[in-house]
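Chain nomenclature is as follows: A, B and C, assigned in order of appearance, with residue numbering initiated at 1 for each chain independently.
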Amino acid sequence: MTATGAVGVAVASAPAAALELCGIDVRYGARFANRGVSLRVEPGTVHAVVGENGAGKSTLLGVAYGEVRAAAGRLVVHGREAALVGHTPARAIALGLGMVHQHFMLVPTLTVVENVILGREPRRGPLVDFSRAEAELATLAAAHGLALDPRALVETLSVGERQRVEIAKVLFRGAEVLLFDEPTAVLGPSEVGAFLRALRGLAERGKTVVLVTHKLDEVAAVADAVTVLRHGERVVSYAQGSVPAPEMIARAIIGREPPPPLMPPPVRDRGAPVLTARGLISGSSLLGVDLELRAGEILGLAGVEGNGQAELVLALARLSACAGEIVRAPGALGHIPADRHRHGLVADFTLAENLTLGRQRELSGRVTMDRARVLTHARELLARFDVRPGEPDLPVRALSGGNQQKLVVARELSRPGLTVLLCAHPTRGVDLAAADTIRRALVEARAAGVGVLLISSDLGELRALSDRIAVLVRGRIVATLARDAATEEALGALMTAARESQEPSA
Amino acid sequence: MSWDRGDSGASASSSHGGAWTALYVTLVALLVALLAASLLVIAFDESPARVFALVVAHTLGEPYGAGQALFRATTLVFTGLSVALAHRAGLFNVGAEGQLVAGSFACAALGAALPAGTPAVLALPAVLLAAAAAGGAVGAIPGVLRARFGAHEVITTIMLNFVVSGAVLFVARTWLFAPETIHTRAVVPGATIPALGLGGSAVSWAAVLALACALGVTWLLTRSRFGFELRAVGQNPDAARAGGVNVGRMTVIAMAAAGALAGLAGSGTVLGYKHYFEKGLGADAGFTGIAVALLARGNPLAVLPAALLFALLAEGGLAAGARVPREIVDVMLAVIVIVLAVAAAETRRVRASAGDGA
Amino acid sequence: MTLIETILSVGFVAQALRVTVPYALAALGGTLAERAGVVSLALEGMLLFGAFTATLGSALGGPALGALCGIVGGLLVAAVYELIVVRWRADQVVCAIAINLLVLGLTRTLLVLVWGSASSSPRVPGLGSTGTWAFVAAAAVLALALSELVRRTPWGLRLRAAGERPDALASLGVDVERVRWGAVLASGALAGLGGAWLALDVGGFSDAMSSGRGYIALAAVVSGKWRPLGATAACLLFGVAGALELNLQAEATSLPRELVQMLPYVVTLIAVSSVARGARAPSALGQPLG
């Protein structure tokens, strides 16, 4: 792209920051998502923005890209003041900003090249000039090491490939400053490595990268500078050359000493099998899964997202059809779903009603709901799991994400006669305190003899809690390791071993 | 108010957000509708004030008019409840008209076929059951098509309206219409519902049945396990399924129940007034039922005043019919629905920008 | 003639094509709007109002002006619908039903106001055979052109994105609202033209003359899997059913009138039930923009 070189030269000769946000205020009702936040990103660097969930990192990126309206503040790109009033993605793109969203902004039913050119289509007469589009994409892909089939439908791509499409989209628009929102959350360990190398490559070619993340090892590996946010405010910024050790950044993020990580010793004597699956097949996502979960253990399930974990849990919970055999010990099955909004909660129901869902037969007479028992039941669980505010008649939408998740956990763990608990990403999008409560609850369930199947994209969490870890790759379980054998390296190798190597060469 | 399943913005139980807002929005909707109607009235070179005075005088100023309005309201309570119940299950029942026709026809046909001396204790339950069953059967069809084949109930219920009225007319014309007429023979005396006798108007004890149904549906939705599961399906079918509810079966049952309510509307017109089924009976009651349910925000108790309001408008429109076309009432109805829908969207947006916890 | 002979005759094919025209025009419009993510239940109102304004236009200046006025009528309804559901983000299904009721009441009122009749307008100049075939040809050309438009033009690309992932389109700086505006206005123009055909074909307007065709056209959009050519093909099916209905009625067969008249609706019911499961609607269909 011709524009790329021209702007690059201008940046190199000017001392101005590539991107500067000053005194950004973002308000939702009475709550500040950002309060007086400033960020200065030097050209050609990778600048990490870190903080807990809800610290306001994504909001800040959204302001820069024109997707979130700021109540106050200034935006300066390459030394040029840009109005934040009426700032839109279209203007951000014109300023040379590009954004890769955490949840990919791709149209699954369109092809790769169609997604890349969308909104900026090369034309021949009234039609899209697809041959020129493909040629431009090929040039771009070669320059940045993005292996892509331009005619593939996006819905058929792996997560790693989709991310490359997102990067291609941004570069196609001639972006000089690339904003990444939690880009590695959906990637496997080896993909993360390749992705971080690609980020460095971009910086070396003169692009500027803003990386929002909460993983400190990534920060240590790739960031030139770091800004820490907490509760919507900037805590500290470390300029290039003065980035401290991860432990110090961690303290800045939480504002105190981090709690000692929960790491219960693995159980030695497992009980009888409570859930056995043989030859589970479901579409193209499960290709013959064998699995045995025993009473009183936590069985971890590792794997890069999109390898069948979600489908496996839904199949085991009998929420989706599949072929094969599932044998479950008598007793109740609990399910903490990956998508609590979709499978776990009814947003307009009250807390009490949500805690009743799935147990309505128990908490009613033959016809009528037993309101007194519904309320007692709710109050008891809300107190036990420290859900705040613990008002049974409040609609669940009024709760924060962490408290909503605690509500789901409370309901599922309190099923009488619970023998099996399926648990998908129980602490995702949840603040540290709530995550700790939830993890402790899982360990308690294990002690009570429940068989827990735990899926998590956080390998650290998986290794801390699981007694055994099974690795799911492309719809099959390729290995099951005892906790001691399940090092991060071993798991990473297994998770990616069976995958075709299509990683960017950057 | 939204009819999409799982749209979390659609809170039918407006327990929070304030009854005042609801009242305010309703008044605005009525004002805008009055304004639109006034413009049309002016187009006919009439004075809106005179026409509206006529409407009020006819409906509220005399027992007969008030009774006629109650008679119309009876039908609208049934169809409004039908639409509201389906809505709480996340389904849009545009088929109340066809269900009403089927129910009315069934009770008329059975009522006429009973032995002349059948006592009311036997005849009335039988014909009411027939009305509910026929309406329920017609309602169940789109439920099954949705649950089994994924066919959207809006299209199927509309198509069924045409199909049912055609089929009923065919059956009636071929076998049941009294000779040289377009209506069936009268039902036996035991199967009639006595009039309330309000100024010689058509309103009957069926109005009380409608009231009882509104209370019954309220109880069902708020107190029963069935209602709990139905609401869960309407708000989030995936979560309901995860909570052990059979969503497909609930879809069919909810549509059948909605159909049964619409079918019972026949009690007011057929059993309480005409005593026979005739061509064109109940036309537009289905669509007005949608407006009633919307105005009531899916709350079965609020269906009562909403139905009364639209009944007053319709009855008043008839009185004004000498001066302006009574179809102006349809325009008002549509305007009210649109204003309410826009207000609901605005409320949702305000709530979203105020920021929910998650 | 036996029924089979009737169906194989040239006359029947011509009749089927004629019946298809209003369905096809409305369904093409519906396809565009739905691909952009806007529910097209208001096609019924657009057809009806197009028929009314076309009658008015033809009475004033002949069938050509009538056709033009039909388009304008459809556009007017589309603009109102658009304002309500795209600009103000109100529930699309509810408002479409309300718009249809509004048009029904309005045309009845205007019928009295303009022509002093509660049921129908006086006769106005109709299409004649040239005009008829011009319409049929126009519908065919439009079907092909719109298919290309959706598949190969920048606007078509944005249209598909708007109905599938409007947030993705917006994040690229494209005004999704404008894409939807364009699509719904186009659907109004097309459905209005379909309405014009209804009126000009019989040379006048009669109360509620769209009689569910808009809903059937929407069923054709679904059955045609949201593709212009697919929807047109589904409309041809309805056209054949409609022509069959007319023939059966005309021949005064032993089949009862009511049952024959049910034919298009029954075909529609079967069509949406048998195809709906396999077809995938645009993911953002019916969802208001955030």
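The rule is short, and it goes like this: a contact is a pair of C-beta atoms (placed from the backbone, for glycine too) under 8 Å apart; a residue touches a chain by one contact, two chains touch by 3 or more.
Here the structure is a predicted model, which means the values were calculated and not measured.
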Message = Suppose chain centres are the mean of their C-alpha atoms. Which chain sits farthest from subunit C?
response = A
Query = More C-beta contacts across A-C or across B-C?
reply = B-C
Key: Separation of subunit A from subunit B, taking each centre as the mean of its C-alpha atoms, in whole Å   = 46
Ask   = How many Å are there between the centre of subunit A and the centre of subunit C, using C-alpha atoms for each centre?
value = 44
Ask   = Distance from the CA centroid of subunit B to that of subunit C, rounded to the nearest Å?
value = 28
Message = Using the touch definition from the top, list the residues of subunit B that touch subunit C in their complex.
response = 1-4, 40, 43-44, 92, 94, 145, 149-152, 154-156, 158-160, 162-163, 166-167, 169-170, 173-174, 287, 290-291, 294, 324-325, 327-331, 333-335, 337-338, 341-342, 344-346, 348-349, 352
Ask   = Quick one: in the complex, what on subunit A touches subunit C?
value = 65, 67, 88-94, 99, 101, 105-110, 114-115, 117-121, 123, 126-128, 169, 173
Query = Touching subunit B in the complex: which residues of subunit C?
reply = 41, 84, 88-91, 93-95, 97-99, 101-102, 104-106, 108-109, 112-113, 118, 212, 215-216, 218-219, 222, 256, 258-259, 261-262, 265-266, 268-269, 272-274, 276-277, 286-288, 290
Key: Partner subunit A, residues of subunit C touching it in the complex   = 152-154, 157-158, 160-161, 164-165, 167-175
Inquiry  = Can you tell me which positions in subunit A touch subunit B when the two form their complex?
reply    = 28-29, 31, 33, 317, 319, 335, 337, 341-349, 353, 356-358, 360-361, 364, 367-369, 371, 395, 397-401, 403-404
